[in-house]
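The data blocks that follow each hold one structure.
Both complexes shown next keep subunit A, but they swap its partner, so subunit B is in the first and subunit C is in the second.
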Partner chain A sequence: MKTIYTIIICFLLANVTNAQERYLTKNGAVTFFSSAVVEDIKADNNQVLSIIDAGSGKMAIKILMKSFMFKKALMQEHFNENYVESDKFPKATFKGTIVDFESIKITNLETKVEVKGVITIHGINKKIVIPANIIRTEESILVKGEFNLFVADYNIKIPSVVAKNIAKKIKVTFDFNHKPYKK
Partner chain B sequence: MKKIIVTIFVVLISAQIPAQDLLDILDTETPETDNIVTATFKGTRILNGHSIENRKDKELEFIISHRFGRINLGFDELFGLDQSNIRFALEYGLNDDLTIGLGRSSFEKTYDGFLKYSVLKQKTGENSFPFAVSFFGSVAVKTLKDYDPVDKRTFAESLFYVGQVLIAKKVSPSFSFQVTPTYVHRNTVRIAADPHDIFAVGLGSRIKLTKRVSFNSEYYFAFDESKSIDARNSLAFGVDIETGGHVFQLILSNAITMIEKSFITENTGNFFGGDIHFGFNISRTF
Partner chain C sequence: MKKNKIIIVILIIGIVGVFIAYKMYNKPHVNVADTKSVITLTADKIINDFSSDESKANIMYLDEIISVSGEVYEMNLEKGKGIITLNTKDDFGSVLCHLSDEGTKKMSVLKKGQTISIKGICTGYLLDVILIKCEIIN
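And now, the complex of A and B:
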């Protein structure tokens, strides 16, 4: 009988901790800007998935490339067809850890942190440290920030004819409002 | 002993749940969405004929197309470059699915207007659909006065109509094809034996050579043909070269004309006899 209790308690504990510890968003925002001589290009994606394990500070992000919206439909087509090759590489991902996550107290104050991990774009993995701001409250973890990416790091080639239209350095901003995740 | 085993077992199971990869959780949480297949063809034309691709909402495209004379005219005519048929057109996306176009060809001073509507889209994902279907309709007016003055033609008598169902499939990122049942009606024909109505079917394909260059081919088979001319089916090969806002198409075709009613029903060039017209389509999207 005692054994059965142990089993039940173990399961309960496992489930309770899970339910409380994970925070998820399915409509995180990622925007990128390319500012070049001829034109500025901007694309928004408001369907980014992000999850944080509050127990360990681990974080994962999944971005569907086809969900990036451009002002011009033709740009969007070129982005998917010629640059990031969305049929071959449908998603970009990030997997890493928020450094010193356990020291972030539940307040309404913004805390500067670093998120360390591996980013995967266009099938290329790269180690990266992303600066971010976190606001942790009882019912949410808000993570936002911005950083730069170099197109060439991800084996994305910009032909010389459009070199004046597309920047080599892309500014990326993100804003994820994670809510407690229940299965 | 039994207790210990059970405890270990339970601990293992419990430990396994948090060990599940966070990215895997995101995969299971990703909403199932329809994924519309895009860029079946690069341009709104495969070569001479229309592809299922439309101009997008509020986009205006200016297209200049040229077909030079026959290559087998030889050096004296600089392999056909001395002659040229030009069509320029403005094509506008009323919305993402409906394009309207107006064009003018120098050949027989022909004006044409068309509507192209995307009815069904090829999709993957939850509501997948294996191919795309568009409807195309055009009216052309021949304004060249190549008739006997006593036979003066009315406006209605100078009209031609074309209806097409464009059925296309992007098989892989590098291969797409299209089947195009076509109906052409001509209000006026040269001799009584010429049919007013001609049915035809078009076959077109695109093979991507590199990210920005593809090899296209197109063939229209007509089931009836005019008796007054040595009518031949239209055959064309070409490459699409894409640069930023342009698609540049280089074409070898046995037709000198660029609108459906002409290259499908009035074509006399023998491709393998060297009656090949070099040409290009340049489009600029605003």
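And now, the complex of A and C:
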């Protein structure tokens, strides 16, 4: 499956006829936050790949699970080894479309949009609608927002011993500053 | 008397246990600068390994401290952190090195096209091979 994604993305990039059409960031930020009785846990990832096709409003995101940085090494270890099983599922992905993307004018104003698509975490696919704010300028497409995920939806098992340490509902924030693609 | 001794022993074991648990809970992150790299290779080699067989490369490189040598293609500063792109022969991919605070300070003396060695933790492959917490070796 991973190789198929890679091939598809490479294929898409290889076929860029109009370079201006595609916007990309290699260092998008995704943060998640769990607020539970015993402790708050936060993790940052600043190596997220996100691509927008400005012609169609299609959006593709790939996230390396091992790139999530926690305050405590032990938390990071548990996250990777026990919960999201990064060795088996090294990436989380999202593929979708920004609704009514063509109606977003090139201004410096923030526009509220919905991004509809499929999110894949821990090998589980889920349809999702993510609210986001977009600022479109000549030079960039900035997409940011936040939404909630439920741990149980992704078949992530949390032992009852630490149930009080990890929230069932995880807040995810994202911030992607896409630039016109070139190499 | 005997009972007291047993209680003291249990107490000591308990205290040691709590101390170890606390130490484990606060276990520090790997210090890249002080740790010897496990694997040393070129930017071309690592991107080749990932683009030809990603799952195999994941097993080999993920979470390991790796020294990569290559030519500086681009240097960026994002949210106060330096990012160095190492050039490769691959059409799309390169090696993206996210620097530590210490590494960011050293970035200013580098020039485009210069060949350098960077040590960091490999987290995987998207379009590029990604290394984080990188230190510039030379």
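Basically, the second predicted complex is superposed on the first by the 165 of 183 C-alpha atoms of A that agree within 3 Å, B and C clash if a C-alpha of one lies under 4 Å from a C-alpha of the other, contacts with A are read in each partner's own complex, and residues count from 1 in each chain.
One rule holds for everything that comes next: a residue touches a chain if its C-beta (ideal position, glycine included) is under 8 Å from a C-beta of that chain, and two chains touch if they have at least 3 such contacts.
Values in this document were obtained by computation on a predicted structure and should not be read as measured data.
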Touched partner set for A:Asn82, first subunit B, second subunit C, both or neither: first
Chain touching more of subunit A, residue-wise (subunit B, subunit C): B
First, second, both or neither for A:Lys26, with subunit B first and subunit C second: both
First (subunit B), second (subunit C), both or neither touched by A:Asn46: second
Touched partner set for A:Val151, first subunit B, second subunit C, both or neither: neither
First (subunit B), second (subunit C), both or neither touched by A:Ala73: both
Partner chain in contact with A:Val161 - subunit B first, subunit C second, else both or neither: first
Which of subunit B and subunit C A:Ala60 touches, first, second, both or neither: first
Which of subunit B and subunit C A:Thr93 touches, first, second, both or neither: first
Overlap of the subunit B and subunit C footprints on subunit A, listed as residue numbers: 2-3, 6, 10, 13-14, 26, 47, 49, 62, 64, 66, 72-74, 87
Residues of subunit C that touch subunit A when the two form their complex: 24-30, 51, 54-55, 58, 62-63, 76, 78-79, 81, 83, 91-92, 96, 98, 123-124, 126-128, 130, 132
Interface residues, subunit B side, partner subunit A - complex: 2-3, 6-7, 10-11, 13-15, 17-18, 21-23, 25-27, 29-31, 35, 38-39, 56-57, 59, 96, 173, 211-212, 242-245, 285
Subunit B-facing residues of subunit A, complex: 2-3, 6-7, 10-11, 13-15, 17-18, 21-22, 24, 26, 47, 49-51, 53, 55, 58-62, 64, 66, 72-74, 77-78, 80-82, 85, 87-88, 93, 95, 159, 161-162, 165, 181
Partner subunit C, residues of subunit A touching it in the complex: 2-3, 6, 9-10, 13-14, 26-27, 29, 46-47, 49, 62, 64, 66-67, 69, 72-74, 76, 86-87, 90-91, 183
